[in-house]
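Letters are used for the chains, namely A, B, C and D, taken in the order the chains are written, and counting of residues starts over at 1 for each.
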Amino acid sequence: MKNTFGSSVSLTIFGESHGTAIGAVLDGLAAGIPVDEDYIASQMSLRKSSGDISTPRMEADSVRIVSGVFNGKTTGTPITFIIENQDTRSRDYGELAYKARPGHADFTAQMKYHGFQDFRGGGHFSGRITAGIVAAGAVAISALRAKGIKIGTHISSCGGVKDRPFMNISEDIDKLSGLPFAVLDDACREKMTAVILEAKAEGDSVGGILETAVYGFPAGVGEPWFDTLEGVLSHALFSIPAVKGVEFGTGFGASELHGSQNNDAFRSVDGNTVTATNNCGGILGGISDGMPIVIRCAVKPTPSIYKEQQTVNMNTGENTTLQIQGRHDPAIVHRARVVADSITALVLCDQLALRYGTDWLVQPYKGVEENVNENNTGASAP
Amino acid sequence: MKNTFGSSVSLTIFGESHGTAIGAVLDGLAAGIPVDEDYIASQMSLRKSSGDISTPRMEADSVRIVSGVFNGKTTGTPITFIIENQDTRSRDYGELAYKARPGHADFTAQMKYHGFQDFRGGGHFSGRITAGIVAAGAVAISALRAKGIKIGTHISSCGGVKDRPFMNISEDIDKLSGLPFAVLDDACREKMTAVILEAKAEGDSVGGILETAVYGFPAGVGEPWFDTLEGVLSHALFSIPAVKGVEFGTGFGASELHGSQNNDAFRSVDGNTVTATNNCGGILGGISDGMPIVIRCAVKPTPSIYKEQQTVNMNTGENTTLQIQGRHDPAIVHRARVVADSITALVLCDQLALRYGTDWLVQPYKGVEENVNENNTGASAP
Amino acid sequence: MKNTFGSSVSLTIFGESHGTAIGAVLDGLAAGIPVDEDYIASQMSLRKSSGDISTPRMEADSVRIVSGVFNGKTTGTPITFIIENQDTRSRDYGELAYKARPGHADFTAQMKYHGFQDFRGGGHFSGRITAGIVAAGAVAISALRAKGIKIGTHISSCGGVKDRPFMNISEDIDKLSGLPFAVLDDACREKMTAVILEAKAEGDSVGGILETAVYGFPAGVGEPWFDTLEGVLSHALFSIPAVKGVEFGTGFGASELHGSQNNDAFRSVDGNTVTATNNCGGILGGISDGMPIVIRCAVKPTPSIYKEQQTVNMNTGENTTLQIQGRHDPAIVHRARVVADSITALVLCDQLALRYGTDWLVQPYKGVEENVNENNTGASAP
Amino acid sequence: MKNTFGSSVSLTIFGESHGTAIGAVLDGLAAGIPVDEDYIASQMSLRKSSGDISTPRMEADSVRIVSGVFNGKTTGTPITFIIENQDTRSRDYGELAYKARPGHADFTAQMKYHGFQDFRGGGHFSGRITAGIVAAGAVAISALRAKGIKIGTHISSCGGVKDRPFMNISEDIDKLSGLPFAVLDDACREKMTAVILEAKAEGDSVGGILETAVYGFPAGVGEPWFDTLEGVLSHALFSIPAVKGVEFGTGFGASELHGSQNNDAFRSVDGNTVTATNNCGGILGGISDGMPIVIRCAVKPTPSIYKEQQTVNMNTGENTTLQIQGRHDPAIVHRARVVADSITALVLCDQLALRYGTDWLVQPYKGVEENVNENNTGASAP
């Protein structure tokens, strides 16, 4: 399966950057979930370019839902989101039909699609395609929140500037909700913005790290092999353009610790089993342990830079140079953050539906299964 | 799908650490691939415990192939590998039926399987289950090598000691082949061993990083969404017990670079398009670019340590302490390395079969598709 | 996976009968396949209601392709077909919100979606949803034809009137192409129409049998288990609303034969292996044998009839009667026929891509694999 | 996916008729389900050859469970069944290495596997491979029965002799349970046996029809597209060797009825909604309606007959004749019946797990979801 992801709850995406429309089909979500078009619009606006630190391309990104919603609620059948492309200036991209942009998918697209790909603006490889994911993700995020499961992502680092880590995860997620530039330490926003603008002034770009936390997720969800929670989450998260690494909990840092440092002691608090630390990022043996799930995604610097670069003419096979024109982002971490939230939400809806059945998300009662213990999730032992 | 991974070429694994037998079913591999039982045995021996730096549990790990091989070659139908368990001392594990070992899956297994899981020796969560993956992987590795595609993994770091990076990837992979303790810098072997033994002496454990390289992989394989090469590889690699992070190319390091540093310039060399650097790890837009694929997996320190730890009695819900007995590994990176090779090979066989058809692996000619250009893979531009 | 079918080539469908729009996403088809919008429109017109023997609801059914086609050819990325609903008269359906129509999915939809389903006009269960399948199928049918593989379906029986069987399959398929009412024996058209009109006059409806043939399909495609050609074809064909039986070759008739009657003798003709008869319908052991594939689908009579029927009020649980209003088809076999062609084409494109790789459909040469022998397909031994 | 079927509950099968061993891996079944090895053995014996009407090949078919069962109950992880082959007389099959048996998969296997297939006794295409399905199916059948869901299959017709149809489905299923030759009308057993022996005496074979009923299955399970209950059941059932047609309820017969005859009126009985007739076979719009599910499979006559047949020498491509030796069944309907039960049970376990979650089968309470109404299933309205 290519542009479709998920099993019980699945997402199919389509579109090209400069094509007619982009969008997504979200299938398998329980019937009866409220669909709040204002919330979808607000999530879309978090992904949109804004101000000096993003591309000047301005898209309305208004989402038309053409199926799967009836009287404001999901019907249980596929929900289709369509976003028409509007501000396409394809004349900027002529030269890119044959000069492969370094760091972009132009060359690999040529190897795969033999020249038939829509090369304009990156075509189907464009970050723009994530708009459909964000629209669908908004429905999933709302549905999870109604069950007490919250998701938030902050820019853990950008261009070398580091945000503070998550502390009180529940409160931190609430703080991040709706924040246009998602950092936990307010002082860090100005510093990161400055670094991005500095790179932009040089015709260059910066990358960063996104850290996502999930609060309130029940224990006992996931598989030992091969559909570990880490496996299914990373599988989907690597679709975010520019993500080149995914780690959970202490992640790569754990490789330098001793077992006695990295193991999370189990503790009983008010009758619930929690862990004193959360180095495992809420996942042991591929299965959730009821503590917050913590994920970090490495985002490479945007490959579209204005500096002259060496490349190859794909028609002649000869060396040449390339000076990218067009409208580009000096950084995309701040825009990709809502995509990380969305993909995480969609994957977790699928996992929950597989574990507890397709209707779990709309069942009014909590704790119907003995191991869904709200008190067990997110608390840190003293 | 749970214990099955892959689409055109798929692997199903089964077994528990102290059960009757473990094994794997490898399906979809082309008919006519030679199956070398000696090579399988040699790969199995790389995974086995050995000497002071591994568990004293000794398993023959002899592999019985009961289907799918006829006259020494694959039939095209499922190949089943069965490995009987022999040296099981289940009496060591009694207390672990109710005390959750920190860092292990005991607690999450209880949440998922409600006490019916086979807890002995970690049951189905045991690293021992990877033996079936290694047996199947040996067939895949051989098949790829016959097509000019080579895979090798070294211990990039262990307990803080760092090996040198890959340099000439083709030669480095050849060097690693069959090496019991896989490091590229021979001097580093002794240092890592010392660190492992030091941790063992303290009843503790260490982790590390595995770096895998694939040489000779054709350009144009993979998908933009969601089955990016990074996505499908990470999905499977996170099944290696203790892996908590996966990155490609420069990975997390790329998040601190500028675009002008991280972009890999395209260069024409002898009529082939290569890149001057390989920060992208051979993958752009989710699709191979013909350069070596480079993957790094973070392995957490083995959770089974002999130091006393705090935990919870899963029967009573009360706090208690735990002193693990039994036979355990002070480090598993050196044993996990052949698992990384195996999983990588299996995933790539699947990707190649999806791209070029089920028989590609046994087609005698090369370059039947225009974008399979052997000269295009692995060379670095001057 | 629910509204998505296929592995290498897949189709996702969406929409409700009286919603905003319906459509489909076709993914995985090779890049470079010509997309002929006129041919799509002509296939759509075969599915549309027409004249006295269909529903008076008139839909333009104009197809908008919003992604995946560039310069008139497939890009290799998802092709999205959108068909806006226009002639919706939802007022007709008020009573049907709570009275389950016998033979329809109203009651089972209520059991599954708990009242949140869009009940208007059958919602997502409507035969109207097949319009997206036909649009996508038109691209698949064209692509197969360019490789010498032809598909055609005739109304084998309708309301008790029987068409003649396939004789020269290649010629018969050509004859059926574009025929509005697809029968092989022209005299039979009038008889079937009369039977349909007779049922209509009584406020009743009739069913029938669709027989599909595939000519030129290569030998060696399919699987022994579980993805037998019969299995994957039937899986998809049972999605055609009202199909309640699927058989291959002699099908149910074979159950009454002796082995000596049913076995198809192999014969060598001009160096090719063919069978003297084709009782197996071109499939042995789940795999194509190069002879025409022959499929028969049983279509039940349209459940929407105007006669008063007994049913239950789903709100109160009490017995009641129902007199269906609205616009309905006295028969749908003639409209479903192009859906059978389309689904068959889509499934076979997927099977071919799995077998020979994603680019096979656009490879200009034939017979690259030794078992693709054009002469071997469709000929009958003397 | 090839030899693996199912999503939440899946089955992987392996083995060749004359190889070392055959078997199956059953994954995803809930933890805590009792595994009764005696019941498995009794189901295996129903599949075994017996007496004059089956092949003289005698296999012990003793099943060894090597994983996934602990203390007599499922662990929730893969259950592996291994059946060693014993009575293999491969010398009988020498000529069949190059002479394609009519009606068998020898020729299509050659086209797919290029001569590397294990041709002995049909290899992986042999009906013997169903033994693993029966072993796994026994666990599924038991688990369903514990939830009040019963499955039974009878030989509806064989060699032209017809059994009586299902009448009281619950009682009829009980009657069929454990019956070696499964007919509802006892008088019919002798007649069918006589027909089989008559065919055998002539060196010929007969086919038949298997009719399967499921009692107590909840309403609201299945999908409108593409995973209709009909679709997923038929997909799997076509894997039973020799099945060439699958129909539900009235099936092909419905194609000759009027809507007013075929529609099943809904009736309220004791507060439950049932249908007065069951022409739809318990499935409307791809979703269960709570009435018994009724499936009919057409089984072609066994292709291994002793009469001389025309065929082709696959090595030389020349016409030749073939006189099959070896040990073969003059009919397989009576042996295939337990395979139909098993596959149906496995598919339904998967469907239930997808709908209600992985633990539904072991949840002690019934009716947790409002639409699981035991009274609603199987009763016929007066």
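By definition in this document, a residue touches a chain if its C-beta (ideal position, glycine included) is under 8 Å from a C-beta of that chain, and two chains touch if they have at least 3 such contacts.
It should be emphasised that the depicted structure is a prediction, and the values quoted were computed from it without experimental measurement.
S.K.: Taking each chain's centre as the mean of its Cα atoms, which chain lies farthest from subunit C?
M.R.: Greatest centre separation from subunit C goes to chain B.
S.K.: Using mean CA coordinates as chain centres, what's the gap between subunit A and subunit B in Å?
M.R.: Comparing mean C-alpha positions, subunit B is 26 Å from subunit A.
S.K.: Measure off the straight-line distance from the CA centroid of subunit A to the CA centroid of subunit D, and report it in whole Å.
M.R.: 44
S.K.: Starting from the mean Cα coordinates of subunit B and subunit D, work out the distance between those two points in Å.
M.R.: For subunit B versus subunit D, the centre distance works out to 38 Å.
S.K.: Of all the residues in subunit A, which ones touch at least 2 other chains?
M.R.: Answer for subunit A, listing residues that touch two or more other chains: 1-4, 7, 13, 77, 112, 114, 124, 224, 359.
S.K.: Can you tell me, using the touch rule above, whether these chains form a line, ring, star, complete graph or other shape?
M.R.: complete
S.K.: In the complex, go through subunit A and note every residue touching subunit B.
M.R.: Listed in rising order, the residues are 1-5, 7, 13, 100, 102-105, 107-109, 111-112, 114, 124-125, 129, 157, 159-160, 199, 204-209, 219-228, 230-232, 234-239, 241, 243-252, 254-268, 271, 273, 275-276, 279-281, 283-290, 298-305, 307, 309-312, 314, 317-319, 370-371.
S.K.: Which residues of subunit B touch subunit C in their complex?
M.R.: For this pair, the touching residues of subunit B are 7-8, 77, 224, 354-360, 368-369.
S.K.: Considering only the defined contacts, which subunit B positions touch subunit D in the complex?
M.R.: 1-4, 7, 10, 12-16, 19-23, 25, 27-28, 31-32, 64-68, 70, 73-80, 82, 112-114, 116-118, 123-124, 359
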